[in-house]
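Letters are used for the chains, namely A, B, C and D, taken in the order the chains are written, and counting of residues starts over at 1 for each.
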Amino acid sequence: MTLLQMKGITKRFGSLVANDGVSLSVNGGEIHAVMGENGAGKSTLMNILYGLLKPDAGEILIDGKAMDFSSPLGAIAAGVGMVHQTFRQFPNLTVWENLVFHNEPGNGPFVSADAARDFVRHLGKKHGLEIDPDSRVRDLAVGIRQRLEILKALSRQARILVLDEPTAVLTPQERDSLFAAMRHLAAQGMALVLVTHKIPEVVAVTDRITVMRDGRLSGTLITRETSEAEIIRAMIGRNVPPTVAPKMTPTAEPMLAVRNLSVRKGDIAVVDNVSFDVRPGEIVGIAGVSGNGQPQLISAVTGLEAATGEVVVAGRDVSGLSIAQRRSAGISYVPEDRHLTGTAPAASIAENIVFGRHRGAAASKRGFLRKEAIRAQARRLIEQFRVKAASEQVPVGSLSGGNMQKVVIAREIEHGAPLIVIEEPTRGVDVGAIEFIHKTLIAERDKGRAILVVSSDLTELLALSDRILVMFEGRINAGLTGSDMNENTIGTWMMGGVQGT
Amino acid sequence: KAEDVSYVLVTPSRIGVNKFLGLGKTGIEKAAEAQGVKARIFEGTDPSTRRQNVQAAIDMKAPIVAVMGFEFGDIVADLAPENPETKFVIVDTCIPEAPENVYCAVFREQEAAYLAGAEAALTSTSKTVGVIGALDIPFLHRYTDSFALGAKAARADVNVLPTSWIGGDNPFQDPVRAQTQAALQLSNGADRIYAVAAGSNGGVFKAVAEKEGAMAIGLDVNQCGDAPGAILDSTLKRVDVVLPATIDGILKGSAKPVVSFGLAEGGLQLLATADDVASSGCVIAGKPEVITQIKDMQAKIISGEIAIPDPMAQ
Amino acid sequence: MIDMLLSQVLDLMTPVLLAAMAGALCERAGVFNIALEGKMLVGAFVAVAASIVFGSPVLAVLAAVVCTAIFALPLALGGARFGGDPIVIGIGLNLLASGLTTYLLSALFGVTGTLVDPTVTALPRFGLVALAEIPVLGAILGGHSALVYLSWLLVVAIHVYLFRTRWGLRLRGIGEVPSAAAAMGANVSRYQTSVVVVAGGLCGLAGAVLALGSVALFAENMTAGRGWIAVVAVMLGRAHPFGIALACLGFGLADAVGLRLQGQGLPNQITDIAPYAITLLAMIGLGLRGAAKKMRNA
Amino acid sequence: MTAGSLDTKSRLAAILLSIAVAVVLGGCVVLSTGANPLSVYLEIVKGAFAGRGLAETLARCVPLVGMALAVAIALRAGLVNLGGDGQMLVGGLAAVLVALYLPVPGPARAALALIAAMGAGGLYAWIAAILQLGLAIPFLIASLLMSYIARGVTSYLVRYPLRDPATGMPETHRVLSSARLPNAILDLPISMGMVIMAVVAIAVIVNDRSGVNGFEWRITGLNPRFAQYSGTNLPRQTQRVAFLSGALAGLAGALLILGQQYRFTDGALLAPGYTWSGLMAAVLAMASPVATVVVSVFFAALQVGGFAMERTLGLPAVLTWVLQALIILCLAARPVLFRKRRT
């Protein structure tokens, strides 16, 4: 039976039609995927369902009854839960405070902290998503914060659960346990809507797929009866062959040489005596369960974080140098979080692209910006990287995630630095853009650049890397090449490498 | 034609802040009325608005422009030479090498303050007196230092507490801080306090009113009604008399460029020595023996037998 | 001597403490409240005016609370509900308060400067009977107006509200990430608006204490910067009720000690800055310790 | 370079609309006192721009624009400078010391006094920046607290060691005419202060729009993490911006003293509340230098016109405050008027 029905939903932002008469129906007990390119209108549709946006036209039916949500409050009351793509959390509050917010256990006006903690533990155990209820959210790793986000939705006794790209930051293990939880919930009669760009996940876990394209419904597929290629075609109107590039084992002098690198937080070494090389013409991937020191390792290499040990770039010891000096020594860096670190969202595309090299001769003259040159460069990169944007002058923050990512990558590749350090190259990015970004990175490798990639997406690591290093508890405990580079082996090493080896 | 002519008074701050400025307002109104012209009052708040106001008064061809306070010293010095047909009256300060169209009326506040100190000492039972000033500016030392001098002169064994300054963000209008200061002086034994704190005086009065036997002396106008029974006396500064008189003198051509007013000229007065002290509401009215002593002292000051130094000149 | 000092500190700091609590609530709700000074002034004016009209201190305090809450509406609606800039609205309100009270003073009562009226009585003072027995403590804690005791109860109450109740939790969340709070179903603008209004009432209370706590009169701009001290106290206390209370206590103490140092011949220009200088020095001290700790860890 | 032109237009419309609302509201207040709102507004406009009014408005612009830009450049880079009062005071004091006591010829004294003022104001703000960087005391708090300290110390200095005993005020001696800034250039009512401030304003605007430094500061203000990741040396930048902001405040103080007051009088620099008016202007203008200058000029005109109106109509002085407050509140509330556009 149909639990949720959205009919003829239309939503405009100014002249842009984000949703154009979209319909969606989801049954109880069903896991339903919503797919589409970046900017296709998925988040908009889900925000309407959750009462965050008001549709210009169309209706929402739950259990056949027409709903009119003016706020998330109404949606929550009607049994809609949502795991947002961007975390909606309070970093300075504790996990339990975040979880019971607006739904607090306790007597009268008082919140019972103990009841709330028990609730967190209980819920975590039940769904295999355990978190310490008393830690501050700001201290948590991204993966754990994602876990909290899912728990939050589960805690509201939602009958319809929307997950907007929930797996983007999860490790395979975390992802699998999430899927198990999702199946469990579906079995209890819930309707689950999964927004994602990852086709294997869709194939693995969903029952039906609604595909969107340019704000319109492009088709509804039954997962069992369809294929990856068909889904992709519905999404972007063409086939995307999987990226296969021959693996390389260059022997040139290392472009990046890391020696005995350690980062301490209090008494704990979050990066513990790590050494490795990246050579020109190779892509080295770093795998690991989140919370094992990958971001700190990258920060130590790029100079965002203080560390002991040695970092040598192109033969030059950059250990004591500032970020700017390391950049000019030859590091380019695509950070994990494009909103928080990778861009100034309120500034224009052109400004974001030039920033960091605005003092160079191409961008400025005697202390003044060469605005036309800067814009021309931005226009060229927008074209080259196929960024969907009205012009180079629109704020980067108004781009969809995939396009924003392309801007960051374009900017960093444009540096021409011999070493590219890149975190989560395609998080939240659609298949078309993933293909493009992967091809671009491989092309850069073939031009002789050294590339260091951190990704929580193993498929991506396997597709890109010539060599994979696995991090566990701050150390690199495996360096895998050739036939050792497969999900099983990597997964084992990610868990510490005890069983089965 | 007469309706278009105005005498203008320019004050350094909003009139409400200080009773003294209110006296100036009365004074200019009296002078204007006597000549059948209008009186205008321009209230400034800061150096540039003060200057603008004086300039505006000149521009509107006011024959008499009176200004009150030290704040106008530089302004009049700059503007008077350029505008010889306007007559300037400065209250409280004179400018060196003043042009002919500038008249100044200064007061010897130290004389009245001296008497206030004597009176406080003579009536004190705790043999301790104090004074509270708004802000530690040289001018106010005429009151505070001379008060101490007078107290000591009247009674050698009297203890004069160090002057308390209100300070803070709004010294002339902070009764709460004034009350705290006064309470502190009272707890240090003072039972007579001279309140030299303009709009903050209310706090001093409140503090003495709450303490049995303690009394305050008011400033510039008769403040005895503000806390009946708790105000011993007030020192008066008769700007309301001096200003019209000076203007009258200017019109008659008899005014001198520099006139100093003290007890002798009736420019300053301790209410105790006034003829109508009985109806003043001041506590001192009931102490004729002290009044006699004070009058005696006043006579000596007027005759020059007692010389009171000007604290500002030091 | 010391007991009188501490007793004075309690009296002096109460208006600042109440205003700072108002500031803390707004800060927690994510509305920067820079209008404490103006709101306190309105409270002081209304308290004295109402005292003349009604002749009852209780009604006077109530009127101050209600009117100041209303006066806070522009900040509540403009700043909290409709996304105006709270700093600009706050400065505007300060200006308005100063102009309006001065204007009403002459329009309603025909006076400028200071409004004294025999019918205005100070708030009654209580000696806490049980405390009066104890030698020093009795002198410190006894004999204050009810609002002095109330202000300390309020510190505890606001702490409990913020950190123990569901509404406090929601408020903290709203102040931190309003969009997240909205997504969880909290009505952000309603919380913010009502908190700013309640804070207005608290400022009214602060003004009432200032005007009626002991002096029982109103003088133009008599708040004399106390609202700004409250703003600083909110920052120093990091919007934490106990931290703020401590900051206010420190300010009050430094101020009272400053008054006494004047008596020892220190120029008042220097004693006036004691509260700020001591605060800054204390922060530098803490900062140095923090920096040293970091060094040791690195 | 952001797609701002369209936005600027609607922002301008919003500002005009809110001024209109304020004018109507203010008119009601005026009516309630029995006066004629039209003549009140006419007198304000005349007072601000007609005859001597224009020169006075421009003169008031000098410190106001200075203080507003001081806040704006810091705000642009993400620093909230609440210490303008203190920076202005130390700047003013440094200026007057050089102008009074440095044994060089007059005009050189004036020039050196300006430089000293900028150095002193800048250093004073720089210390607050160091406190933030080194000891984690937020710049906003440090600068504010240091303001109070500057007030006390300068007050003490001019009351005692530096006092001119010839006056009854706590103030220094008067700066000699030769060391003052000329008040009329080429017989026009344009003072040296105005010229200097205009040059500074243009420099700030150009730097913000086209300078590499301005670009860097602006991006830092938008997202310091991004700026840092892109290679900006944040601590150094914070120090520089703080210094420049303080230097501007110090310059404003010096221009007041060398161009208008000629001596350092306790309280005189702060009495008109330039710091708060400036903060207000900068925040209203969302730290855009051009808008900051425009809003400051508007405030200066409003204040000068208000005083003139008060004089000619003899209305209660506080009415001007109330009017100003209403205009500010309406300006701040413009999102209310334009709230439809947000959803």
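Going forward, a contact is a pair of C-beta atoms (placed from the backbone, for glycine too) under 8 Å apart; a residue touches a chain by one contact, two chains touch by 3 or more.
Note that this is a predicted model, so its numbers are computed, not measured.
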Shortest hop count from chain A to chain C along touching chains? 1
From the centre of chain C, which other chain's Cα mean sits the farthest off? A
For chain A and chain D, what's the span in angstrom between their mean Cα positions? 45
Separation of mean Cα positions, chain D and chain B [Å, integer]: 36
Could you please state the distance in Å, as a whole number, between where the Cα atoms of chain A are centred and where those of chain B are centred? 76
Could you pull out the residues of chain B that touch at least 2 other chains? 14, 136
Where chain A touches two or more other chains simultaneously, the residues are none
Indicate the residues of chain D shared as contacts by at least two other chains. 159
Which pairs of chains touch each other in this structure? A-C, A-D, B-C, B-D, C-D
With touch defined as at the start, can you tell me which chain A residues reach chain D in the complex? 54, 302, 304, 322-324, 327-328, 333, 335, 340-348, 350-352, 355-356, 358-359, 363-364, 367-369, 371, 374-375, 391, 393-395
In their shared complex, chain D is touched by residues of chain B numbered 14, 40, 42-43, 45-49, 51-53, 55-56, 59, 70-71, 73-74, 92-93, 96, 136-139, 312-313
Could you list, by residue number, the parts of chain C that touch chain A in their complex? 164-167, 169-170, 172-173, 176-177, 179-187, 297-298
Please name which positions on chain C make contact with chain D in the complex. 74, 77-79, 82-85, 87-89, 91-93, 95-96, 98-100, 102-103, 106-107, 232, 235-236, 267, 269-270, 272-273, 276-277, 279-280, 283-284, 286-288, 290-291
The answer for chain C against chain B in the complex is residues 4, 8, 11-12, 15, 102, 105-106, 111-114, 116, 122, 210, 213-217, 219-225, 228, 256, 259-260, 262-265, 267-269, 271-272
